[in-house]
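The structure's right below; bear with me while I get my questions together.
Letters A, B, C and D mark the chains as written, and numbering starts fresh at 1 in each.
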Amino acid sequence: MVNVGIIGATGYAGAQLVYLLSHHPAVSIMYLASHSYVGKRFSDIYPSMKGLCDLTLEEENLEEASYKCSVLFLALPHGMASKKVNADILSRCVIIDLGADYRLSDASTYESWYKTEHFSKELLSSSVYGLCELYREKIATSNLIANPGCYTTCSILTLAPLVGEHLLDTSSIIIDAASGVTGAGRSEKIDSLFCECNESFKAYGVTNHRHTPEIEQELSHLVQETIVLQFTPHLVPMNRGILATCYANLKDGVGEEDIESAYHKWYASEAFIRLLGSKLPETRFVKGTNTCDIAWKVDKRTNRVIAFGAIDNLIKGAAGQAVQNMNIRFNLGETTGLPANVESPL
Amino acid sequence: MVNVGIIGATGYAGAQLVYLLSHHPAVSIMYLASHSYVGKRFSDIYPSMKGLCDLTLEEENLEEASYKCSVLFLALPHGMASKKVNADILSRCVIIDLGADYRLSDASTYESWYKTEHFSKELLSSSVYGLCELYREKIATSNLIANPGCYTTCSILTLAPLVGEHLLDTSSIIIDAASGVTGAGRSEKIDSLFCECNESFKAYGVTNHRHTPEIEQELSHLVQETIVLQFTPHLVPMNRGILATCYANLKDGVGEEDIESAYHKWYASEAFIRLLGSKLPETRFVKGTNTCDIAWKVDKRTNRVIAFGAIDNLIKGAAGQAVQNMNIRFNLGETTGLPANVESPL
Amino acid sequence: MVNVGIIGATGYAGAQLVYLLSHHPAVSIMYLASHSYVGKRFSDIYPSMKGLCDLTLEEENLEEASYKCSVLFLALPHGMASKKVNADILSRCVIIDLGADYRLSDASTYESWYKTEHFSKELLSSSVYGLCELYREKIATSNLIANPGCYTTCSILTLAPLVGEHLLDTSSIIIDAASGVTGAGRSEKIDSLFCECNESFKAYGVTNHRHTPEIEQELSHLVQETIVLQFTPHLVPMNRGILATCYANLKDGVGEEDIESAYHKWYASEAFIRLLGSKLPETRFVKGTNTCDIAWKVDKRTNRVIAFGAIDNLIKGAAGQAVQNMNIRFNLGETTGLPANVESPL
Amino acid sequence: MVNVGIIGATGYAGAQLVYLLSHHPAVSIMYLASHSYVGKRFSDIYPSMKGLCDLTLEEENLEEASYKCSVLFLALPHGMASKKVNADILSRCVIIDLGADYRLSDASTYESWYKTEHFSKELLSSSVYGLCELYREKIATSNLIANPGCYTTCSILTLAPLVGEHLLDTSSIIIDAASGVTGAGRSEKIDSLFCECNESFKAYGVTNHRHTPEIEQELSHLVQETIVLQFTPHLVPMNRGILATCYANLKDGVGEEDIESAYHKWYASEAFIRLLGSKLPETRFVKGTNTCDIAWKVDKRTNRVIAFGAIDNLIKGAAGQAVQNMNIRFNLGETTGLPANVESPL
């Protein structure tokens, strides 16, 4: 059994992680920490977990926890992990960070998009970007795994084969995405109140959403050129789910069969990617799963491809992928404890 | 023009009031106060009100406001109005209090249900319970009008004719009600977050909801006997609306025609009550209106009547009724500025 | 492996059943029939089931299916099962009927509430009411199992211990319940359109909902007296979930501890019942599970108990209980293939 | 008073029209027709309209209606108006067609996108595209007004000033839009059921949505060149509202102030357009109104403008604009009977 701990266990991503790890056959949860609920039991906060996880929430103490656990998951606001993680901790414990602090390899990019200092730049070179389908081998040996953002997971998975196979005019990439409200987290904000979200639709973070440089970094990396792209998120009145609608001009001579080949070449044997072809995805069909549904259409009128990715933002976009990373790192079987299909057909 | 002020203008009830008063032809808004947003303009908080109400939100100062305004609406947490209102203020200004402090004529009942001291018990005898359909005449001359609660408005209007005409075994009254989430107000609480309310249904305040003694007081008053009843509220994942499903055993010999007669006798000429007979109400059909839809069924198998009331909790259940009270008090025409029908048939 | 078939596989209850049976370790699905989609694959209708169930939907032919399958689940509109089932079929095959035709032991009660003839009255005496927690032993040996309705399961489970232990004035029982929209099924009706249900709350079936006699039959049976009660369902704008709020006057001398004892006596060792005491249930905490959450409060002011039951209408209220019945009947382990806890804590 | 009739009165757009016209001070409704509800009263279908519109729904007979009414609104499935309208009818009656039949000036474009014959091509040259802000003068004198589609209204209004002022690389235009479910109409389709739409987000009509040629026609017309663009609609689980997120590369040297100038030049005096600058719109702030909210951001990194338009699909996107067209045509005051602001600030 792998001993695990979760810091930031009562936010939505943290709680989803507790749920998945509670059901994971090769794992023991040894430590749960929470900023707001120290001393309470996890199941006091999430009553549906009674009997499944009744651990008491502790003070956040990474140092101490790193002695008890082989792996620590961090689900913290940005800027906090970079203060707490250090080489000593990493020498005895794997860190899987669900936050943004170790995702961008260039600290100045981080500091300019996040408007905050990075407190452990020296660790960036040893961190691996934990997008499992792309970095499986590096993940297997790294002690600092930067779990990707929700929008970024969905966007990169959808675009990587097309970019990687040089099918797109990369200067034309536009990602128009939409997320359910769990994406905003469990903090007490007016904007997240039921009556402020319900029966409405809006864009936010236009031109400056922090997932932008993350997507650019990874797609650029695939082709060793600098890609600058457009990313626009929207808020949907539903609990879970992200749909990314991705547009790009096709390079001359690229046709539908090239698109299809690229996807099959890259993903045919992936357990958590379903290629739907031209059948359009709906977020409800990936709800509660670690699956990314991908579909595409070529528009001959405009010479564009429109590619779609759909994930559950809390699973493949956060907690599920974190578990997948752990599974890879500890050789537990990549799909262990992770649902690929929705809990019901509705 | 009547000069009006609103204290607590940025909560949901307060904002609804600002909206209604902004469109009221006989009113000038002179003063808006808010605990949280002093110095901001109302339309900064509610952007859809730009051009309609751009007043700057002031510190809450009842004393000062009472010199500028002929009527002040208070939309404050319970316990605050009873500290701020006094005879001096009432000597020059009408107070319409949307909170609970002046609704219960017996201060000890208030103190036992609200677990707080009442700070101006001496004013209780001069206050009138502002349920327009029942107390029109007293309202017309009172300077302290206690606007009823949302559940109570709906429940009392639904049951009053049946109780008042002595058709019910009053010991058997059960009110099972449900409200949209605006009923919880605009405060930053975990329980009011989108993802905590959406896709769920629950009861709350069972056996101890504070609207209980208010309903009991008013129904008791109608028959000059003490009525003790059951009231259970539920939360519905929607923005607005209250449905009260009211059960009671019929007295011997009471039939369907007696029920119908009672409703028509009491409400036939009311502008804001629609009698639907056995056609069941839906909250969407009163959304955005000051109307209370009432329907009923007699069950011969059980000898019970099941009576239904539906209102918009923010209009007839709060701001709309407050305006109706003002209209009565200042002789502006009871229906002025108040919608009786939904803004669209959907 | 038990060979199973489902007739009416593409409605919401049928599809939920296909999902559960696809994941059941001791079952092979041999036959799926659908009135509307003959010749299509199940996963064409429910794309999230691709790879999990790609069987082709066949014509509804009970006779033929009864040769291939050891158990047939019927998810049909009322009145159809009573035409199709006969003694010959039952001689070789277990029928678990999710419809109403074999639930009421008295055919005339059926005919008067359902306004239709019963076409196989002779089978009623051999049918067992498939409420697992109450009739486990009879279910184990019966070939005709009438799976209870959704509201009825929730209502009976909530009230049975209180009625069975003679704690209530049974003439005072009122059940006020609310359901998500899957309860209305997957048929193309205006009333089930998104825009007709969303942002509204209403009662329906007042005084004449067909689950009433079913609840009465079962509660009456517990005490060998005729109970007549009030049942009022409501529609909630959410997909899944039922909450039953049950009211009854307590018999003289009955107190909180008697209520608690009764629940523990009846349910302490039940795998799918969680006793929450005075902590109120929310439907989201049983979503996707076969669990019934039960809570209660005694109101000393009114001498009433208010008891709450919460289930997922498609699982414990339909498909899950059907599987539980099969598990009992075929000795597969009562909880096999049935989730007791929600898929995520949200 | 202008005598009006509505054919297709019980669909969502038709019903919204009945609502608006019932409250219009210069109009008498003389005739309502419905395919599905002949002989019923309008208020039987939409009970909230009781007392406001109790007219009986008649057979659809354009010929007959054209004698009683000065203006007929058609809210019919595409292909039907082109069969029913003729020069004789137009000689005595103004037709405002909410459908698609007279929107595209080129019949072959219509036939290729709609996959159906056009039955009155000879009328196309006399029809005017009823986008009020662009074609006010022609509308004032035309007897055949083609009311624009919902997505098209929003998209064209958002992009027209930028295209018209030659600020964009028109080959780069991408419109990514999302609509509430009323956009799908009131027909009994599985896809429009509550449980099929709720808690999900999806794209549809990708590369082939019929509003595409309409947007292209109008934007092309502004600059007398052929514009081919990308349009992708999505479905949001809410009743009403459209948000169009529009992307385009800026021409060399175009900056933020050019964008702003263009919008102010075109729309500064429009009653139903609100220019929000960089404050992003939310559909809830235009719900129930005839207003189009427009905002924009320039992204210097990508040299793109992202422009947003938000409308209520049933008002400015259908019935409201139809009334606005009537107001223009009959010189009733363009804003008469049309709300510019939401019914409440929530």
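Everything below uses one rule, namely that contacts are C-beta pairs under 8 Å (C-beta built on N, C-alpha and C of every residue); 3 or more make two chains touch, one makes a residue touch a chain.
Everything numeric in this text was worked out from a predicted model, so none of it was measured.
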Trace the shortest sequence of touching chains from chain A to chain C and report its length in steps.
-> 1
Top of the farthest list for chain D, CA-centroid basis, is C
Distance-wise, how many Å sit between the C-alpha centres of chain B and chain D, to the nearest whole number?
-> 38
From the C-alpha centre of chain A to that of chain B, how far is it in Å?
-> 46
Chain A residues counted as touching two or more neighbouring chains | 12, 180, 182, 195, 198-199, 237-240, 284, 346
Complex interface listing, chain D residues touching chain C = 12, 180-182, 186, 188-190, 192-199, 237-239
The chain C residues in contact with chain A across the complex are 12, 15-16, 18-19, 46-52, 182, 199, 239-240, 274, 279, 284-286, 288, 314, 339, 341-346
Parts of chain B lying in touch with chain C, wherever the complex brings them together | 172, 174, 176, 178, 180, 195, 198-204, 206-207, 228-230, 232, 234, 236-241, 243, 245, 247, 280-284, 287, 297-299, 301-302, 304, 306, 308, 346
